[in-house]
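Each in structure tokens, the structures are laid out below.
The same chain A turns up in both complexes below, where it pairs with chain B and then with chain C.
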Partner chain A sequence: MLQQLFMQSLNGLGVAGILVIAAAGLAIIFGVAGVINMAHGQFIMVGAYVAAYVDSQGGSMFLAIPLAFIVVAILGLVVERGVIQWIYDRPLETLLATWGVGIIIEVIMKFIFGTLGQKVGWPDLLDGSIKIFARPPHFPYYRVFHVALAIAIMAVTFYIIYRTNFGLKVRAVRRNRSMAGCLGIDTAKIDMLIFMYGSGLAGIAGAVIAPIKAATIDMGFSYAVSSYMVIVLGGVGNLLGIPTGSFLIGEGETLLAFRYNTVIGQLLVFLAIVIAIRVFPRGIFGYQERR
Partner chain B sequence: MAIKRRNFLRGSATAIGALTIGQAAPFYFARNIAKAQDGDTIKVGILHSLSGTIAIIETSLHNAELLAIEEINAAGGVNGKMIEPVIEDAQSLVQVFAEKAKKLLLNDKVTAVMGCYTSASRQSVLPVFEEYNGVLLYPTLYEAQECSKNVFYTGAVPNQQLDEFEPWIVANLGRKKCYMIGSNYIYPKETNREWKALLEISGAENMGEEYAPLGHTEFSTVLNNIANSGADYVFSTLVGDSIVAFYKQFKQSGFTAEDIPICTPITTEQETAAMGAENAVGHYTSFNYFQTVDSPENKSFVERYKAKYGANEVTNAVMEAAYFQTYFLAQGIAKSGTDADALIYEGLPGQEFNAPQGPVKIDEKNHHTHLWARIGKAREDGQFDIVWKSKERIRPDPWVDQLYPNKDCDFTNQSVLDRLKKPWSEEKNRSGTMDI
Partner chain C sequence: MLRVGDIDTFYGTSHILHGVSLDVADGELISVLGRNGAGKTTLLRSITGVNPPKAGRIELDGTDITAMASHRRAQLGISYVPQGRLLIPDISVEENIQVALLGKGKSTKIPDFVFEYFPALKSIAGRKAGVLSGGQQQQVAIVRALVQDPKLLLLDEPTEGLQPSIVEDILQMIKRVMRERTCAILLVEQRLEFVRDIAQRFAILDTGRIIAKGSAGELTDDVVKKHLQV
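So, the complex of A and B:
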């Protein structure tokens, strides 16, 4: 029993890792540019198909990660320049527009790859598991990898936002857009670069999530929903909101699923989030606007 | 954050415009086909989802039916007339299935419709077929407990996949401790009810039962529970994306098919290809048909399918049913003509065909189909080695005796026939089910 409980908390950590990876891109775009990207799930899906393509050509997932980042970042650039840049200050329309973009991406991907699920394999290095206890379930290497990657993504993002000149401008734009503009910061360019970076992260998410299932056209939806929940719970006022929200949801879901069952686990987590919003309307690390 | 009224209106108008165009296009297209070829043809509706979440599998059914129609027409058609498919896309939406069914029956006046995949879609079109007395041929394996006058069920019902499977596991794998995992909807729940009855008969143990939401792909908890329960095999009724995720995570967590095999009535060649065959090796599937069935009919079927749709395509059990039900329909029309009641009571019942899986037959009494049972063990190339095959085809039993000893379905029974002779407006129960 103790073994199971221990394994279960480790699993929760693994799930939290996936959530961080999936939510990071969405949270950064929302936090800085103020756009809720409804096509986030489809961006993840495109990343997964990049991994599937690399896999079918005999390449490794480690090659797929940077490639997915680049491809989806370029996709993000196209979407931002082509659609979003005209409607930044109109939240309702960005919702509708990105929703539509998501549908377009889905249809295009279906044309190219068909509707069958695409196989994505693990690199040999990550094939296997850590045998903490004598009998299965063991802790698969890919979970370790997901957690490590989640930490790496947060570390890189933290460095960019808090330790570079570019990050300083990003924070300035976030704090007070018009004032930053007056001081000569090209706010449109900041938005564009952040949109590209966030999109690229979604691509990475797709590339590393696909190997635990398969690349399918509608795979992004459930991760997009989880990502929205992470943001709602964690808040975007501070980068710490992403890992905090992910950790609470990941551990909550797995531990409750273990105690009751999967369906009830999800239900209770939803319920807890509803209550949490009542207490922290802007998320745990919500951004306090100056009045 | 202020939403300007004008902007909102403009946004909504655009959205509505886009929706209307999207809906109208396929409808217009389909109507044109129907008009162009009015005349000496027999119209047959084909109603599957060619877009949306279940399009993957339904497109393969659609393809198999069109292949069969093409072959029948090439051989001279039925009674000298060509079969003309009227194709509709149900978009994976339950309400669209019902709309399109109505359109096929009333506007196109088709002789019969082949279509649907999920139980939800079948149940949504059922009232339409019953009210307008249409004929539906339904190719999917399903949870049974239904017996409509207007539907012919050519896929397997649970007794044809399970009754022999459970005793086989006990006798040949020597395993009696079962953990059940399924997706959270009607088919897995009903299937597991029957499985539990079978476990009881053979003295095997039920070590646990769990359901994951549809589309769920995170199974670490379930795997933990399986280990915790002490089960020595898993009975899985997961569907869709969940299958791929479950098999992969099962292997990654250190479970092997030797220690704990997964036994399932669902996983086909389509899923083993998507997950990578190495994740499926050694696990068992019970089905009527596998691509590896060794018969001249099947070899030629696989060849023809690949020739038409591409060498990488795999065939699976549901599309095999879609394929042979088209022949059932053609033979039925040849026998009784195109009138619905004639088809239902004379044309289709008792119809036999030499299908890829072996000779199959529509049961005269309950309008389900006699099928073969097979157990396949997944191998390295994603195909299945058939490790067991039933000696004869198995009679379908929509109300299994273990759970429903007092129920049966019989369209040859006079009291049932008398009831069904009344028009729909007087008698809305169009089922052949009766108490015995």
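So, the complex of A and C:
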């Protein structure tokens, strides 16, 4: 029993890794630009199709990941320049506009790739598992990869935001857009670059998720919902909210699914988040400051 | 250097400034006075581009900046110390100053004069700006503007809510800036003795219109009684 519980905890860590990868882009775009990107799920899906295309051409997932980042970042650039830049200060319009963009992306992808899902293979390197105990279940390499990639993504993002001049500008824009502009910061350019970066991360999420779920038109939806929950629970005031929210949701869902079943597990986690919002209305790492 | 020509500024549908005109020459300090709600802050926000005017024209050294984005105005030489300071609360004092340096395209090395003007800043450079006292925040806000080597410094009630010793520090600092630098200053201020001490000219705003202007010597008690007493 203890062995199984331990293995489920490790699996929960793997799920949390996926959630970090899926939620990071959404959280960064929301945290800096103030846009809740309702097309986030479709951005993930496009990343998955990039992985499917690379796979169909005999390429590795390790090539698909940077390619998905670039393709979806460019998609984000097009969406930001074409739609979002005109409506940044109107939250309701950004919700509706990104929702519409998501529908358009789905239609275009259906037109190009059809409605059938596309399988994506794992690289040979990630076949197999770590034998922690003599008896199964073992901990698959791909789960280790998810956790490692999540750590790498957070580390790179932390470095950019907290250790570079660009990150300093981003933090200034995030806290006071008009004052940052008065200090000479080109806030529109910061928004554009952040939107590209966040979109690119969604692309990476899609490329990583594709081998687990296959690339399908509606695959991004459930990950987008989970990403919104991560943001609500973790808060957007601090990047630590992303791994914290992901860890609590990933572990909660996995362990409760082990104890009961998947549906009850997800339901209980959802209830727990509702209660947590009562205690942390802005999320666990929401803004706290002396005013 | 700054020419504000007949501007009309709105907040939404509220018409705040009505045909305001004002010229500021190189190295000059002009104080804008007026009762609460007269439009003083809106005038500064119009010049910074936070609330651009819907009519009229603003020029800086002959360049039309009326429709220019705030960041470009800052890069042209307009620095702003807003009412309430508006520092970035969750980054350090040093980083707040560095943001201003980056905005002007400079390196992030903090110039030596910063700690000459306000020696106390050295000991709090690593502290988060959001936890500083009002006086400390005001000093940081002023320094943040000065490191940009402005041609025009906009100061919005820099002494508001501060203890007398800090007000005196700020007065001395503004005098020093006027002596050592070539920038012009547009100062919104409620303390008359402060204004009389440092301003060369004044303008009084009332319900979004300039109703009086003149040299500092013309800011007599009669003018104050007529236009500023509630």
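Just so it is clear, the second predicted complex is superposed on the first by the 287 of 291 C-alpha atoms of A that agree within 3 Å, B and C clash if a C-alpha of one lies under 4 Å from a C-alpha of the other, contacts with A are read in each partner's own complex, and residues count from 1 in each chain.
Quick note on the criterion: contacts are C-beta pairs under 8 Å (C-beta built on N, C-alpha and C of every residue); 3 or more make two chains touch, one makes a residue touch a chain.
Source: prediction; values computed, not measured.
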| item | value |
| --- | --- |
| Simultaneous placement of chain C and chain B on chain A, clash or fit | fit |
| Comparison of chain B and chain C by chain A residues contacted | B |
| Chain B versus chain C as contact partner of A:131, first or second or both or neither | first |
| Geometry of the superposed three-chain model: angle at chain A (Cα centres of chain B and chain C, steps of 10 degrees) | 140 |
| First, second, both or neither for A:181, with chain B first and chain C second | second |
| Which superposed partner A:123 touches (first chain B, second chain C, both, neither) | neither |
| First, second, both or neither for A:165, with chain B first and chain C second | second |
| Touching partner for A:59 - first (chain B), second (chain C), both, neither | neither |
| Smallest distance from any CA atom of chain C to any CA atom of chain B, in Å, after fitting | 10 |
| Chain A residues contacted in one complex by chain B, in the other by chain C | none |
| Residue numbers on chain B that touch chain A, as the complex places them | 1, 3-4, 7-8, 11, 14-15, 18, 51, 53, 55-56, 59, 184, 210-213, 215-218, 220-228, 241, 244-245, 248-249, 252-255, 259, 270-271, 273-276 |
| In the complex, chain C residues that touch chain A | 48-50, 69-71, 73-75, 79-80, 82, 86, 88-91, 95, 98-100, 102-105, 108, 130-131, 144, 148 |
| Residue ranges of chain A touching chain B (in the complex, touch as defined) | 1, 4, 7-8, 11, 14-15, 18, 90-93, 96, 100, 110, 115-119, 121-122, 127-129, 131, 135-143, 211-214, 216, 218-219, 222, 254, 257-258, 261-263, 265-266 |
| Residue numbers on chain A that touch chain C, as the complex places them | 165, 168-169, 171-172, 175-176, 178-188, 237, 287, 289-290 |
